[in-house]
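Think of it as A, B, C and D in the order they're written, each chain with its own count starting at 1.
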């Protein structure tokens, strides 16, 4: 893993993720980014599904993505990410996709997440495990 | 609607549903079949999401699909369905997809559903609205 | 349709689009936005699949989305959009989702698209029908 | 890998694959089954995307699935498969999903595939690599 990232997860493109242009559909990248965030959170003992069962939902409030290059059938890639706090209420994930083995930058995203407790904004430091996260 | 079906719902293919072969991916047909079942159940005042909130889950136990012809970008089609009880525990949906306007048969499915109450099999006639369903 | 938009398309949430939080997954909004763009382009005689068959691909180079409010099972909504040229190479779509019937703003997106001809950037005015588009 | 299967591929459930019931949606299993088939074919030097580029499409003509048990957030599982020829025109895949580590049977499928050459049925032994497959 690059020194500049806190976490990475490797994927391979699945053929059903490609659309009629023969490339991974733009919406599928959000699946990749989400799965990387959730496995990262899990590695820090924060369980997205478990939180939901307690009435706490982590939801996305904003996403920016730059698509630089298209992934296609057979490609192997990693999502690498960093996380920062922004105030008491927001988490900012910077998530970059690199195609392997050449480490070519494919897409960059900035994803802002917030916590909702029974539907209302909550301080993220009320979530167990949060202090060790950032 | 054909006289031979209890319900039908019209769809159009969305480009993101097509895979790299330029045709609707085989898995997407299950989305079409599910959406038709749920809107049918809703028309009978049975709400899939509402039941889940009460601890009752309608789940699929078996699916058989014959794919006759491929849907592709720009196609308009209907899912037509019939429903029958099978004993006290099982619902059988027969769901057929026809491409419009020529009414060409595209796919036929038989979908068996069961009810779970907090994870255990339940008699379907315990579900409000069920008696009017079949 | 609002006077302030060039096009709108109505959708209803399909239950399979909701994730374990019971709300439409963040990635699914890109499906909605794409489908609205493609049906809009079609209404202007620009066919995404047909262009691909000729070696021309319209691809997304950047997306920004603000999620204001979550869609959930049973919701009806519209995607409303405007389109502008940006130089010779880029199309900018502004796409907003409103929940009906109350016209509540759910999400706003800015989607930048470019054209590729056999994989290389192309002037958009080389695409038949493009002049009538913007 | 069990002695009784020709191939297996490990997966983990991704949270976006779960629907509002908190379990993997029935349609997503077809994605798992397809990805296992394609990686198996790739291991035998048969490339689904490459064949499409040559005008040959492997398509599904029938699927039967029995869902025994639901996969959910955090689950690890394998798809195990066997393949047989049926005449000159059809491949039959038997694909079973087992949850790990307990090797609990989750779902069983039988998937029938055929080959199309420019849209017409073709003998599968015309496909390079096919002889080593079965």
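Everything below uses one rule, namely that a residue touches a chain if its C-beta (ideal position, glycine included) is under 8 Å from a C-beta of that chain, and two chains touch if they have at least 3 such contacts.
Worth saying up front: this structure is predicted, and the values here are computed from it rather than measured.
C-beta contact counts were set side by side for C-D and A-D; A-D has more. Chain centres were defined as the mean of their Cα atoms; on that basis the chain farthest from chain C turns out to be D. If each chain is reduced to the centroid of its CA atoms, chain C and chain D end up 32 Å from each other. Measuring from the averaged C-alpha position of chain A to that of chain C gives a distance of 22 Å.
If each chain is reduced to the centroid of its CA atoms, chain A and chain D end up 27 Å from each other.
Multi-chain contact residues of chain B, defined as those touching 2 or more other chains: 15-16, 18, 20, 22, 25, 27, 31, 34, 48-49, 52, 73. Within the complex formed with chain A, the residues of chain C that make contact are 20-21, 23, 25-28, 30-31, 34, 48-49, 52, 57, 59-67, 70. Across the interface of their complex, chain C is touched by residues 14-16, 18, 22, 31, 34-35, 38, 42, 47-49, 52, 72-74 of chain B. The touching residues of chain C, counted against chain D in their complex, run 15-16, 18-20, 22, 25, 27, 73.
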